[in-house]
């Protein structure tokens, strides 16, 4: 990877995550991504829950994932996460899901917006304006 | 079954619900139970979401389930639900999970309390006092 | 939409699908997509489970989804699914998730490959060769 | 607790596990229990996956849980697991779910049988006969 900061989070997988193909069910990878983002955010000194306490959510607006290799129960699983694009209205996180042998099992990106909790339609606000320091930190660690 | 009202709700199952045993993962049955309770409540003219809008939750306090026969993808699944015990502080719902051949795949009960939303410790209040008409309706339809 | 066949499947949502934002958790939409594909396949006279019984799986290779409007408990939810691209090695399904007011809540596509069950690495085979009639049917109904 | 061996497993919780009550959805606790049992089995030198490779499953036959205190995102969560009853046809595991302050959030038991993989009806076999050393180990560590 390039010159951005990459956070690594190991994932705890369980029997519940498998399906009748004998592998981890593909939609279950999606919830791991947020553990990866949480790790990234904590690594740089922030806390997603603080954003919620301040009256905002950061929902997923777009998600793209390519599955390259199945993950099985018993495999170790790690999510690597970085800031791919940092704009006023949108943050794009890149990710790789890697197994214990260092093989990439899946990769892709999630795009997030920031919305006020009380806005039921999830109309985006400027991340840059409501969390200027956090935005600045992303400027420093993002992929260049 | 006996002289109580029994609600029947068909369940939509999916590949996501299976596990590597090739059957529906046992913890996924639990979320079906609330679809069963929702059906029962609607059948008698109430709406659980109205309880939440009025400022209350009805969390599960106790759950007991016996698995008698595996459910597979492709099976039809129905949850039968009734009021087993209706007390001031606790409501016990009985249930059976039945397949398309009418075989009982699982059975058990869930016990619920009513709590005020703003009480973070989920201290119970009297269902009988906060929803007296609903409580009375349960008196009529409960198992005797 | 255009001249392709579009299958419509209503989805049963439950409390289990919600998250602490008060809406349906975004990863839960993903499992609905397979209910949409199952409906499409059944509408044209096939059965995904027959593919598995014949010794094959059709795992997701790529998934792309854009979330446009949150879905809440109490909303009706429908998945509309069609064949977007039908190639020898890849099938792309397009989808829209629509609420009871006909508003598009999410849209995107899933790309699938066909693999032999005994191939643990999920190396793709030609859908066109192993299921030639099914492939031909997709030629007829696909987006043109 | 008493004189039995108690295994402790920390659980990784995520946003996906929450519901619109703002707490962890009650059915999600159930999948933690198997992480607890896996820890216990590994602590004494066995591996559940070896049981499956040998041609057996150990499905849940009965589950009983009492919820005493809600778990929230941000809490640390631990599952404590022990062998409560060790009989020829049934193994009962006791459990407690404990938060970072050492408070019991939930407690109960799961009862398991052992079945041959090829027996689709999940007819139980004698754990004592098919895994005699494992059974003996449970005799040593069980609650007395």
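Think of it as A, B, C and D in the order they're written, each chain with its own count starting at 1.
Rule of thumb we're sticking to: contacts are C-beta pairs under 8 Å (C-beta built on N, C-alpha and C of every residue); 3 or more make two chains touch, one makes a residue touch a chain.
What you are looking at is a predicted structure, and each value in this text was computed from that prediction instead of being measured.
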If you list every residue number at the chain A and chain D contact, are more than half found on both copies (same) or fewer than half (different)? same
Pair joined by more contacting C-beta pairs (A-C or C-D): A-C
For chain C paired with chain D, centre-to-centre distance based on mean C-alpha positions, whole Å: 35
Geometric centre distance via CA averages, chain D-chain A, whole Å: 30
Dist(centroid_CA(chain A), centroid_CA(chain C)) in Å evaluates to 24
Where chain A touches two or more other chains at once, by residue number: 15-16, 20-21, 27, 31, 73
Going by the touch rule set out above, what shape does the chain contact graph take here: line, ring, star, complete or other? complete
Which of the residues in chain D end up touching chain B in this complex? 21, 26-28, 30-31, 52, 57, 59-67, 69-70, 120-122
Quick check on the complex: what are the chain A residues that touch chain B? 15-16, 18-23, 25, 27, 73
What residues of chain A sit close enough to touch chain D in their complex? 11-12, 14-16, 31-32, 34-35, 38, 49, 73-74
